[in-house]
């Protein structure tokens, strides 16, 4: 796969009830990314937006965002998955040689729609949805229990992940204010309200408002735009079976396959040693451990033994991850942006020193039915 | 329209076609409650415009990139991806950019009424917006580029409803070839 | 419609409007599920079997996802017992429906049950059980609704044997 | 950078107003099976990735691909969902194209699927919800709800299309008979297409004009139906296509251009599309796609066209905007029979969107049919040999436009 460069990015500060209109927020993200890269509207050749009709409460949610998203008279389209999948489409468009600059933006305002009810719309309407017992809440409970039962992991070990990510997010100025807590303890997490036993409130990534934008360019153009491009050198995306009963919930098979593919393309033999930092989309604290295991960063069932703090063996989610704010349709995109920040050395306050190669992931569906993984490498000097 | 032929003889709505019937299986219900959604809009950029409406003044904003003038004012100029930054006065006269006729049942009488749906472009602006026509207008007389003028409401409150409707004014170009279709 | 002016700090004028409509849907279940619901109405559980790998599905499917084989409508139907094994469970105070989700005081116990002789699990409530006595691997039995309607609510939940 | 992409097959499910015998996954499975039947040497295991899409708000299911995984054969395979409203089918086909063209290792054969089962939901309400937000802000700013209600009265798509019809009719100076002629030709064509919905072998112009107006100038008889149906297209690399198919169809140019939204505009700020029949977006997409495909004289070089015309005035308009005919001359071409099955430039021989409209799938059925005409496998096959064909789609608030240019020879030019 040829190299594609990330040449600019921008993210609006996450908020649980943003003092923004929808269009203004999108404009601010896209315009900000263009300004940071020093580009003009006429440089844009394609725009990939990422929104969801059910999250926005309107059919054809990209219909009225053409102008604010920079899509006027450009090759515009919409991916209705996670923001990370939108980056994939931008990547494909650049790789095809048809386009020179792709703008990818994604986001939504969780304060404007009933999040859990909308997630229920993902389930089988001819069977499970009628009883509404399978939804994102209960699925997380099943997943955590399956993981704990299979490997004998305790709730404390999972709560530690929540503590780590929420502490990290306190250093990230763009994270959701509600998630930032530098003094959190494991007991606080375990004692918070039950969400779906054994998952507790503080182990859950809280949906919030936010938009993020990313600019992609082919190798030659990228070097003209910036001295410090971040290269995408590998990508893999896979979908697993739908019914929870068909799957082994103690692992995330879609990520196992996606990881294998992405590492294969990027030529990574031993992910544990070759990767410096990981930004994973963990919708729940336990998913970070499962994802790390699925990616082969640590042995199956040994997730908690890995030191993933900033400055640890392999820092995971130094920005706070999705637990530091989960704007639907943007979270995966923000993970890629955060990984790029680490590689460019722009992560003020949560920088992992000497990061040369990073991974970033995205997911959609119950228990991460569809996952995507990127391998990013530092370019320039 | 000078002469609109009346073709219609019957009231049948559907045409007949070759149909194939399929086995009917049971259905299960579902609903999408848009009432539990909110739509957030930022109208900060609209405030000067709304305030001026009270004084019977029309203003639009102009993009310095492409010099297009937007009425009503816009948040972002899509062509240049910047916020329009200058205010310009807009005239009270306008013309019909395009129109269509809706056939609606009057809930009181049950009769089907013809209602015009008009897009109006103000002189001096580059955009058109949806507008209300004078109640006495005959929909059959409408044509594209028909000149109009704002009819203000007696008491104005600072909203688009201050423009009560648009009056039809005399068409100066009526004798020219570009008159109605 | 409420016009609220929240921005005291930034002098922003943000309007938030409520959506006003409701869209109704009726989902065709297709002939496979129709047969399944016909049986459910008679308080019977049926599934179908993949001709290639022999996996039994409850509810029935047209395609076996594992081997991509399509299962003919008229064949491979299997009668199943109303007993099963609890594979996984959770309890949550959140009740989610099409409209919103709300938190209730009483937590509901939800279990993933593998019906005997089948290869997939179905998710239903666990009835008459205390959270402490629920164990993965325990045997459970379907509790049928008194009046069946031919939809998923015909199974009220699972009780322990 | 990039590589040649071929379409080797396309398939449909049967279309009807109510496909009450199947659930949505079973419906798309029909289309996939029909697609794979046409290339016997390909089976589901040969497919490396999937591209999907529909208009989710019509059926009340968010990201239905999650549920449909098994029915598509997509378990443990890469899958991506794109959706852009009316152009969904077109963008899904384009996504399939880009998935192959990108040359990501291991992604060679991609199945693109677009579908819609409109009988499950309320289509006009679904369409109305496109603009619900914009309408609420206009209402807040002071436009009466009664006024806005008229826009919604006949469904948003007809609402905006009626404006377009008015301007087009006044520009081209045509009467309703010209519109009806297009309808008659398309629905008679549909009668010869096995999967089409409104099959009317004996329709006459008088029949069409005998129906009342939905919204002036459009009559009930001229408006597209709401159908249930699915469509699938199979894309692969040049090498594999040569091995698997008799006539590989090369995708030479694609474009999906967005203009600003017509009529309402975003944030209720109106639109700069003063004349909705100008369609800069369509002209721009034609420019992009034709330049990729090396087409300089569309009228001469294109042998067959499938245009997305739910309303007859649009079929006429698009044919002009895409450079097939001179401005305002299209109605004469229809009258002269140029666009007939046996004509010089046949258009919409499948019956077009006017006869079959499963919205999410419609824009894919256009390139699919255009590809099948080149392969010689179309249901209503034109007698002459088709070398180059186009498939077009539009959607949104008259502002999104997709175009795919196909030929039996690789002509793609890299910019």
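Letters A, B, C and D mark the chains in the order given here, with residues in each chain numbered from 1 onward.
By definition in this document, a contact is a pair of C-beta atoms (placed from the backbone, for glycine too) under 8 Å apart; a residue touches a chain by one contact, two chains touch by 3 or more.
Quantities reported herein were computed from a predicted structural model and do not represent experimental measurements.
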- Task: Pick out whichever of the two, A-C or B-C, is joined by more C-beta pairs in contact.
- Result: A-C
- Task: Return the chain label for which the distance between chain Cα mean and whole-protein Cα mean is smallest.
- Result: D
- Task: With chain centres defined as mean CA positions, report which chain is farthest from subunit D.
- Result: C
- Note on the structure: subunit B and subunit C have mean C-alpha positions lying a whole-number Å distance apart equal to 47
- Note on the structure: Chain centres from averaged Cα atoms put subunit B and subunit D apart, in whole Å, by 28
- Item | Rounded Å distance between subunit C and subunit D, as computed from the means of their C-alpha atoms | 36
- Item | Where subunit C touches two or more other chains, by residue | 7, 12, 14-21, 23-31, 33, 65, 98-100, 151-152
- Where subunit B touches two or more other chains simultaneously, the residues are 23, 25, 27-28, 30-34, 36-43, 46, 75, 78
- Note on the structure: Where subunit D touches two or more other chains at once, the residues are 19-23, 57, 60, 69-70, 75, 120, 126, 129, 132-133, 136-137, 140, 260, 264-267
- Mind pulling up the subunit A residues that touch subunit D in the complex? 1-2, 21-23, 47, 52-54, 56-60, 62-68, 71-81, 85, 88-89, 91-93, 95-98, 118-119, 121-126, 218, 235-242, 253-254, 257, 261, 264-265, 364-366, 369-370
- Residues of subunit B defined as touching subunit C within the complex: 23, 25-44, 46-47
- Note on the structure: Seen from subunit D, its contact residues with subunit C in the complex are 19-26, 29, 33, 44-45, 57, 59-60, 69-71, 73, 75, 117, 119-122, 125-126, 128-129, 132-133, 136-137, 139-140
- Item | Touching residues on subunit A, where the partner in the complex is subunit B | 18, 20-24, 27, 30-31, 34, 40-41, 44, 54, 57, 66-68, 70-73, 109, 111-114, 117, 121, 125-126, 129-130
- Contact set on subunit D toward subunit A in their complex: 1-2, 23, 50, 53, 55-58, 60-63, 65-70, 74-86, 91, 94-95, 98-99, 101-106, 126-127, 129-134, 254-261, 264-267, 280-281, 284, 288, 292, 395-397, 399-400, 414-415
